[in-house]
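Think of it as A, B, C and D in the order they're written, each chain with its own count starting at 1.
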Amino acid sequence: MRQIRTDLAMESFRAHNADSLPGVQVNTWEEGDVSVTEVLIADPEGEKLLGKRMGSYITITFPQGRARDALLRASASAVLGEELARLLPPCEDPREPILVIGLGNRQVTPDSLGPLTVDRTLVTRHMFRELPQAVDERMRSVCAVAPGVLGMTGLETVELVLGAVETVRPRAVIAVDALSARECSHLGATIQLSDAGIQPGSGVGNRRRALDRESLGVPVIALGVPMVVHAATIVRDAMDLLSGGEGDQHEEALDNLARELLNSSMGEMIVTPREVDSLVAEAASMLAAGVNRALHPELGEREIRALMDP
Amino acid sequence: MRQIRTDLAMESFRAHNADSLPGVQVNTWEEGDVSVTEVLIADPEGEKLLGKRMGSYITITFPQGRARDALLRASASAVLGEELARLLPPCEDPREPILVIGLGNRQVTPDSLGPLTVDRTLVTRHMFRELPQAVDERMRSVCAVAPGVLGMTGLETVELVLGAVETVRPRAVIAVDALSARECSHLGATIQLSDAGIQPGSGVGNRRRALDRESLGVPVIALGVPMVVHAATIVRDAMDLLSGGEGDQHEEALDNLARELLNSSMGEMIVTPREVDSLVAEAASMLAAGVNRALHPELGEREIRALMDP
Amino acid sequence: MRQIRTDLAMESFRAHNADSLPGVQVNTWEEGDVSVTEVLIADPEGEKLLGKRMGSYITITFPQGRARDALLRASASAVLGEELARLLPPCEDPREPILVIGLGNRQVTPDSLGPLTVDRTLVTRHMFRELPQAVDERMRSVCAVAPGVLGMTGLETVELVLGAVETVRPRAVIAVDALSARECSHLGATIQLSDAGIQPGSGVGNRRRALDRESLGVPVIALGVPMVVHAATIVRDAMDLLSGGEGDQHEEALDNLARELLNSSMGEMIVTPREVDSLVAEAASMLAAGVNRALHPELGEREIRALMDP
Amino acid sequence: MRQIRTDLAMESFRAHNADSLPGVQVNTWEEGDVSVTEVLIADPEGEKLLGKRMGSYITITFPQGRARDALLRASASAVLGEELARLLPPCEDPREPILVIGLGNRQVTPDSLGPLTVDRTLVTRHMFRELPQAVDERMRSVCAVAPGVLGMTGLETVELVLGAVETVRPRAVIAVDALSARECSHLGATIQLSDAGIQPGSGVGNRRRALDRESLGVPVIALGVPMVVHAATIVRDAMDLLSGGEGDQHEEALDNLARELLNSSMGEMIVTPREVDSLVAEAASMLAAGVNRALHPELGEREIRALMDP
């Protein structure tokens, strides 16, 4: 089975056109306006079939084509808050920090989701340390870093994050990144969160070594929204559509053609909606609202906004 | 003959796979590192064949895959300066202004080429009016406006530009806009200039009524760099590649498929390099350098930069 | 009486330290959390005393030092909506447009209030023209332009605006601009609206010829928030504080000193809070909310936001 | 002696109006268009007199009022390159990295000098690690991080930097930050570099614990350009000017007044040129050019730019 190029486990599963796969459990349910799909990759066979590491992948999906609907984004934030709270280790001591990492390159619009989410995340760790008596008892200690990308810093993301983890000793890490999808309709309209960490080489850019429990020594929840489809993916999909059932010989020709295109200038291209600037800004606000809600469930949205005013 | 979707007359010509077409003259030559192609659409037959209005379309092309090469951008600027000077009406009185219009939406990265070019254009008209004695005799009167887009202003571009033209009474208008291409390798790596004006509905966005000699009453030179390929285009091209010579029946199926894809969420998508932010900034600097050179050929680059320092 | 340098008529009045002045009427009232002051300059004597043209100047002021309070900004928006509706000519035909002009330079943070307000204003004129049947009956035709500044365009603001006014034939113009104040506590924490138009040479930059009923031929409502204090102003005020009652001789020395400082590099300097970037963004949102409310009083905030989603 | 509020040791020295001070050595010379002043604070007495820690403070100053002159910025870059190379430990092994830290808040224009300088710095460490055979032998290993500010991350700058230092084990750290000055004419027109590290609470914002050899364990060179004058400073200076020689009684009144102003909303205000956006961008380019030159003295400007193209 040929692997398609997507960060969404849900899409990897669907590419098989099967009701079930060995080593993979899939559940889907509705919450208000949005759908939630959990893909649980339970063993190495599932891992191999989906090309993703073992773990739980929860996808929150908007109804088709409504990425720009503010009410849907609010619904998705609320569901994200609940699901994220479920994946995080229970909060035993609010002074034990959660570290939010915004991966990606702030200067490259479709790759700026992580840094923009960090900008909108309520950080409180400094209050816990400097004014513990002033801390609202409904708060939890949170810190947040956007470490930049290798080509801009000369440092692997994991190097910088590891330094921060050793300093902060967080209870868990939430790593936010722009994802790639297979379907254009998922762009900006899908949230994926996972306890499997973030894999090397995925997403919009190329971030290399994994951020996961193994590399960082603490639980790592990966969180993202697809911002791009790789150009090669839509071309390959168009070809598949065409070649439907025309036999193996044709299949090989298609593969050669796809490989050729991948090596041309098109191989580097991404597919996005024209308004990727506002799409990424809105997605970042949606993710940050969900993160803030998961971490301080008793603080209202207005209180959080007021606390973030400088 | 099916029309492909591109703003580059050169690509429209090449899509015919013919050495010559009735009503169309094509010349190609090299200038240093870049190639120049002139497509002259001479009559209504050529107009129909290429789906572009009569006039001269000059394309300055970088060698394959070198869009990010600063030296090539400098070469292309120099050639642009010369070709633009050739298309503009001769300067009889330096006080007669040239009006540069930056089309497109500043907030939408791939559509911001026009406004960013205007930002980097040396404007001098106010000096001619207020401090005529201080004006360097090598200068020409230039003014520049980025009128915004219909959805942001509620005004058609041509309405605002017409107001400016009536106020300024320019010798000519240079209208700068982001273009669409068919080939990914042309993104950021091709300049097109034309005396045919800017057509409605072209480019990255949708700018409606034409800006041309007819609508504005003065010569209009259109200038642009392709920033996007429409997603539907690369899919359609992939299909063509596949179906090569399989007969008309197949062709019809392809058309249906393409139409279907166009109506899906993919129909709205664009293909760009991931680094579209820096690509568009660099292209704007390249265009502005060419415009400044065409309008003030005797001012050096350093002098122009010094004059633009606030 | 020495004139102080401020765009706020309220400050010009207070500088006189008098309960009343000939030709000037002043009323103050509270609306919820904010104070409203109306300074009515009724005749040429008042004009001369305050150094401002005849007309009504309404100032909405936050309680001291609370510029960054989101709830106060919401209160101020609501009051602005009402006061602006009162100053505008009554809406006889919703198809007759209101033209919003955003003055100032988008690239200069403290001067970007006007363009940022335009970005957040709901424009509808194109719907009235293209899809009249789809227009919500609670809407009014609105268009909006940010014409840029002389040094960037080579065109006087009034030239461009006049062109737009002749094209659009609006019922009234709302001209938004960054203002200067005398008191640091007013920065970001005061809205002024006036039916006297916008005066030349005021504000953060230097915009020259007036935009008013006389120059544009339609009613002009000026709207702004102070973003800067001129450095010379706070120095002069500090000196006044010191010299209190020391006689005319001293006064003259002070004036000489102040003039000297003005001619030094300090003369060009502005005083702002460090966070001027977020201050100006918040002020623009506050103004746009008030403008949207005044123009479409029956549309809710959520509806407006949904209409502005691309 | 009352301390004035400035990060420039040169200004601290001049405030004493003395030719020499105990524990302080001052040298001034010209290099082309710019002046260089070295203030060497040699012992605790000098430290106390100038309110700055022991070490060498080198100031590169433009002729009065020419902050926006591109040629002067180029001259200053060249001198910075030489002086910085002199302060850095000699390069024994080009694979031993230099770590450039950009302090400050990217979202607050006058405080964004550090992050913007990092953006323009050539980083090479990843090439040394991944493609050692492809590394130009004239290069040195460089990495660069903009760690953000406490209020945005919840982490003290020194915590994050320490993590990076432990990971990277650099030969030296160059810490870039926006400075405050006393004189408006120094804004954007002065570079200070020092081997004394960066002091807590200085600069535009409030960055707390020092970054110096003691806290980081490696040599720390501080580098910056003044972007603001504190509003209280210019008021206090104006008062001094006025009170010249009027005796101690008056002096006390002045101090009280100054203290009062500091506690008012003015105490938080900064003084900058209106065009602080372009001033800070130009200063960042100037600093990065000097840093690149100091670290890779044999690479030409064009080569560096080409290497930085993505």
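Definition applied: a residue touches a chain if its C-beta (ideal position, glycine included) is under 8 Å from a C-beta of that chain, and two chains touch if they have at least 3 such contacts.
Since the structure is predicted, the reported quantities are computational estimates derived from the model, not experimental observations.
Novice: Between subunit B and subunit C, two copies of one chain sequence, what rotation angle (nearest 5 degrees) aligns their Cα atoms?
Specialist: Angle of rotation between the two copies: 180 degrees.
Novice: Any idea whether C-D or A-C has more C-beta pairs in contact?
Specialist: C-D
Novice: Can you tell me which chain lies farthest from subunit D, using the average of the Cα atoms as each chain's centre?
Specialist: Between subunit D and every other chain, the largest centroid distance is to B.
Novice: Using mean C-alpha positions as chain centres, tell me how far subunit C is from subunit D in Å, no decimals.
Specialist: 37
Novice: Return the distance between the CA-based centres of subunit A and subunit C, expressed in whole Å.
Specialist: Those two chain centres are 43 Å apart.
Novice: Could you list which residues of subunit B touch at least two other chains?
Specialist: Correct list: 107, 275, 278, 310.
Novice: Hey, which residues of subunit B end up touching subunit A in the complex?
Specialist: 64-65, 107-111, 183-185, 187, 204-205, 228-229, 231, 234-235, 238-239, 241-243, 254, 257, 261, 264-266, 268-278
Novice: Taking the complex as given, what residues does subunit B use to touch subunit D?
Specialist: The touching residues are 68-71, 275, 278, 302, 305-306, 309-310.
Novice: Which residues of subunit D touch subunit A once you look at their complex with the stated criterion?
Specialist: 97, 106-107, 118-119, 123-126, 141-148, 150-156, 159-160, 162-164, 166-168, 310
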